[in-house]
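The structure follows.
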Amino acid sequence: MTVERFSVYKCHFREDVAQHSYLTALYAMILADLEGRRGRRVDMEKLLRMALLHDAEESRTGDIHHPFKHQDPAFTKTINDRALQWFNDLMLGLPDSLAHTYIGVRKAEQGYTTEAILVKAADKLEALLWAYEEYLLGNEQVRDARIVEDILSKLDRIRLPSVKAIVAETRKKMKNS
Amino acid sequence: MTVERFSVYKCHFREDVAQHSYLTALYAMILADLEGRRGRRVDMEKLLRMALLHDAEESRTGDIHHPFKHQDPAFTKTINDRALQWFNDLMLGLPDSLAHTYIGVRKAEQGYTTEAILVKAADKLEALLWAYEEYLLGNEQVRDARIVEDILSKLDRIRLPSVKAIVAETRKKMKNS
Amino acid sequence: MTVERFSVYKCHFREDVAQHSYLTALYAMILADLEGRRGRRVDMEKLLRMALLHDAEESRTGDIHHPFKHQDPAFTKTINDRALQWFNDLMLGLPDSLAHTYIGVRKAEQGYTTEAILVKAADKLEALLWAYEEYLLGNEQVRDARIVEDILSKLDRIRLPSVKAIVAETRKKMKNS
Amino acid sequence: MTVERFSVYKCHFREDVAQHSYLTALYAMILADLEGRRGRRVDMEKLLRMALLHDAEESRTGDIHHPFKHQDPAFTKTINDRALQWFNDLMLGLPDSLAHTYIGVRKAEQGYTTEAILVKAADKLEALLWAYEEYLLGNEQVRDARIVEDILSKLDRIRLPSVKAIVAETRKKMKNS
Amino acid sequence: MTVERFSVYKCHFREDVAQHSYLTALYAMILADLEGRRGRRVDMEKLLRMALLHDAEESRTGDIHHPFKHQDPAFTKTINDRALQWFNDLMLGLPDSLAHTYIGVRKAEQGYTTEAILVKAADKLEALLWAYEEYLLGNEQVRDARIVEDILSKLDRIRLPSVKAIVAETRKKMKNS
Amino acid sequence: MTVERFSVYKCHFREDVAQHSYLTALYAMILADLEGRRGRRVDMEKLLRMALLHDAEESRTGDIHHPFKHQDPAFTKTINDRALQWFNDLMLGLPDSLAHTYIGVRKAEQGYTTEAILVKAADKLEALLWAYEEYLLGNEQVRDARIVEDILSKLDRIRLPSVKAIVAETRKKMKNS
């Protein structure tokens, strides 16, 4: 899990897949609990399993630069299908029948259930907080690549009140900085 | 979560609280699923919440050297009580009524339920795998401090078949290395 | 001596106990010589021994976060007493009768002699220069925790002309930055 | 050019794309001069341009794990075609008509001319020397993944006397270590 | 080639001799191609060999601080003569008759041919881009030492249109920042 | 004081001038106290001042590789004279009349008094312990350069019983490792 994220940028504070996955799981739990308070039903076990496994195969595939991987939907699908296959191979190294459970979790994470959306939101949120810190420290590469703005626009598509609030607050802070 | 663990030793591969917590949660999930296959009942949501929060306050208290903290039960209790209080303060910074839930999880983690034991096992296991890697690389400080041996003897007290197997295998490998 | 200081913060430039102790000894010598020029009597041998040993046991206890350790006088005393005991144990590993000399030096450093005050001033000054550099580089965690301001207020209590001058100059620079 | 190579492994000594490319160019020059002494004709300008540009786009695509990228010829081609396209886009950011020259160089590097073979040999050789150092230091991940053995078998396919000699010597050293 | 450059300064982003040499060779090629488009004749093979070897002996002599080495012409010459001698010794470790070729290249690099001037320009340019990045990030040591300004004034003496353009642009950006 | 020592070698554990100077001062104090117990007279203030200042100018001159600097006595003297001059310039930046005191200390350190010999012994000892650790970890560059053996042979010339004992013990350990 020592693969560094955002490896194409010079960064003040590097972050690897394990650190990212931990914070994603933590944020997913908090977002889910906030949405739960608002009455939305969340299967917490499913959510936490998803968050822990959502990037696990990256420890074997390396850090493919996000805009390179996402240059067009067909190419993204080609890479993702193979990545998923590598996730499966990785799981098949586990004892007993655990592999099938975890492969199921990983597949479900790519769907549109409440749990999957919350994990996606936490995943983006974690990237946002990392990128915003680099932005504040004057990281020119991160600024020029408009990473913060790009993540914010992706978070705009997530219709969860808890996420909306954080996005609005970050935008406000950026204007004043 | 950038506090480095085992900070008193020169290490080949450093590990911070976030990396440790991620792997602890992952191993806890795997151990629990293995025990589940054997028929033991595990509350998975409870277990994963515990694992994610089990060291959270260390990001605020720093890395207190394990043998220093554990020199005698009264001293350990003094430090742990304060650490728990700092965990509570940290949680009270969270929105809404989440704090109480998380303080409850953290307290439960110090008990003797199946979930608490599994998290403890995963916590020690993660330290074992880190220390064993340093051991293999010839880290004299880790060898002289007998960290691997110490963690193994702590794991001996945990009566879970899934843990027993890993401990036995590590002991065997160490003899042959 | 590889224990990193200020480990709970993300830092641009990390500093370990050896680096801190070197600069503390150097600054203590300079402050003492400046005060000496003004007519104050300083036992230089005693001062330098104190400076070299003032944090030596931290290489064994780890980096306990300063506000955690100093949350109330009773707790601070509990930790400090144990730290001193570990310093003693560390010294007892030395050949001959050196241990007693060094334990005496360490005890004297906690008193209120001119030498002890100068070492304390150098200790704080070193932390100030480190923190002020992080502050200038826009380190948000260091700014939010008000570390520079906190160290300056502690230095205010030290009535040495050489220290007063540096504190005043730093405050002036901070206003203009 | 700060993208780290071999990012999926914990490494004693990390190496980024710039360091790798420098050594590749240096080794390519030396191999070419050795082969030149033996009477083979090498276009040195072409060779050095190739070596300098052979991984340039990796600074934008990230470190895709070698076995992931090379899992089957069709997949490798899909990735390589896109990588080449990104190389082209990167070059189009350069002033004047340089882009076409450099795109031509990059294309030629994928052919089977003497120059292209020498650059490929230097590229593998650089990886070999890095991996062999990790191997000697007891890096278990590098040993288990059989990276040294894998690179040696690839170098076996290159029929240059200068390369054969180095491969034979490394194999001999490995047997004796 | 792991000797770090600018080692007397605390830096956000460190750079070693290999990284510097790679970028110098790349920039030298680009500058030469730009000047070639303007009609100037450049021996590209000679230029690229020079760039690859221009700092090679630093991997054995260490990073002597630039202002220390350049304090007066006689002292600079004393150091440079010995450095050249170490370069020669390093080359004599190479197989066959390569040494003489490379020693010739290294000597030619210290002359005033078009190729030597282009390598010198690329060498300074690489340092400029590194230093300017530290400048933008608020590196006080780099600012106080006026490194950017110093390199710019050295680049002023190089009468190549391609270099003039970059120098002018950097000066303009610095005024507006 | 952030200049790294032994910069031409890839190292497991790097050490900068501040860390080296701290340990040198600490070891000098211990050696002096041991010799004091045996009846030798040591001026402790003088010794500790010498140890703290013995490498201070390296923070401005960079890490000149030891064998390069010491290739012949005339060259070593040329470099050392200039280094001393830079030390003086550095001191002249200090307030009041401190400069003259410190320049005197630095000059005395290059003589043959008991204090100077003890500092030299501590300086070498610190390097020995660093190099021996790299040696044990299988650092091929440190082994091939025979750094440990070289430092031991230099320590052989120091006729202090406390040093003789450590040298003998290290040699014995090396034979058995």
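The first chain written gets the first letter, and so on, giving A, B, C, D, E and F; residue counts start at 1 in each chain.
Everything that follows uses one rule, which is that a residue touches a chain if its C-beta (ideal position, glycine included) is under 8 Å from a C-beta of that chain, and two chains touch if they have at least 3 such contacts.
Fair warning: this is a prediction, and the values are worked out from it, not measured in the lab.
Novice: Shared touching chains for chain B and chain E?
Specialist: A, C, D, F
Novice: If you list every residue number at the chain C and chain F contact, are more than half found on both copies (same) or fewer than half (different)?
Specialist: same
Novice: Sharing over half of the contact pairs with D-F by residue number is what counts; pick that pair out of E-F, C-E or C-F.
Specialist: C-E
Novice: Rounded to the nearest 5 degrees, what is the angle of the rotation relating the C-alpha atoms of chain B to those of chain F?
Specialist: Fitting chain B to chain F on C-alpha atoms yields 120 degrees.
Novice: Tell me, please, which chain's centre (mean of its C-alpha atoms) is farthest from the centre of chain C?
Specialist: Max centre-to-centre separation from chain C belongs to D.
Novice: Need the CA-centroid distance for the pair chain C / chain D, whole Å please.
Specialist: For chain C versus chain D, the centre distance works out to 50 Å.
Novice: If you average the CA atoms of chain B and of chain D, how far apart do the two points sit, in angstrom?
Specialist: Measuring from centre to centre gives 42 Å for this pair.
Novice: When the centre of a chain is set as the mean of its C-alpha atoms, what distance in Å lies between chain A and chain B?
Specialist: 25
Novice: Chain B to chain C: how many Å between their CA centres?
Specialist: Chain centres of chain B and chain C, defined by C-alpha means, are spaced 32 Å apart.
Novice: Residues touching two or more other chains, restricted to chain A: which are they?
Specialist: Residue numbers touching two or more other chains: 2, 10, 12-13, 137-138.
Novice: If you connect every pair of chains that touch, what shape comes out? Choose line, ring, star, complete or other.
Specialist: Contact map by chain: other.
Novice: Which chains are in touch, pair by pair?
Specialist: Contact pairs between chains: A-B, A-C, A-D, A-E, B-C, B-D, B-F, C-E, C-F, D-E, D-F, E-F.
Novice: So in the complex, the part of chain F that touches chain E is made up of which residues?
Specialist: 2-4, 7-10, 59-65, 68, 71, 75, 78-79, 82, 86
Novice: Residues of chain C touching chain A in their complex?
Specialist: Going through chain C, the ones touching chain A are 10, 12, 137-140.
Novice: Using the touch definition up top, name the residues of chain A that touch chain B in the complex.
Specialist: Where chain A meets chain B, its residues are 1-2, 13, 16, 18-19, 21-23, 25-26, 29-30, 33-34, 37, 44-45, 48-49, 52, 94-98, 101.
Novice: Which residues of chain E touch chain A once you look at their complex with the stated criterion?
Specialist: Listed in rising order, the residues of chain E that touch chain A are 12-13, 133, 136-138.
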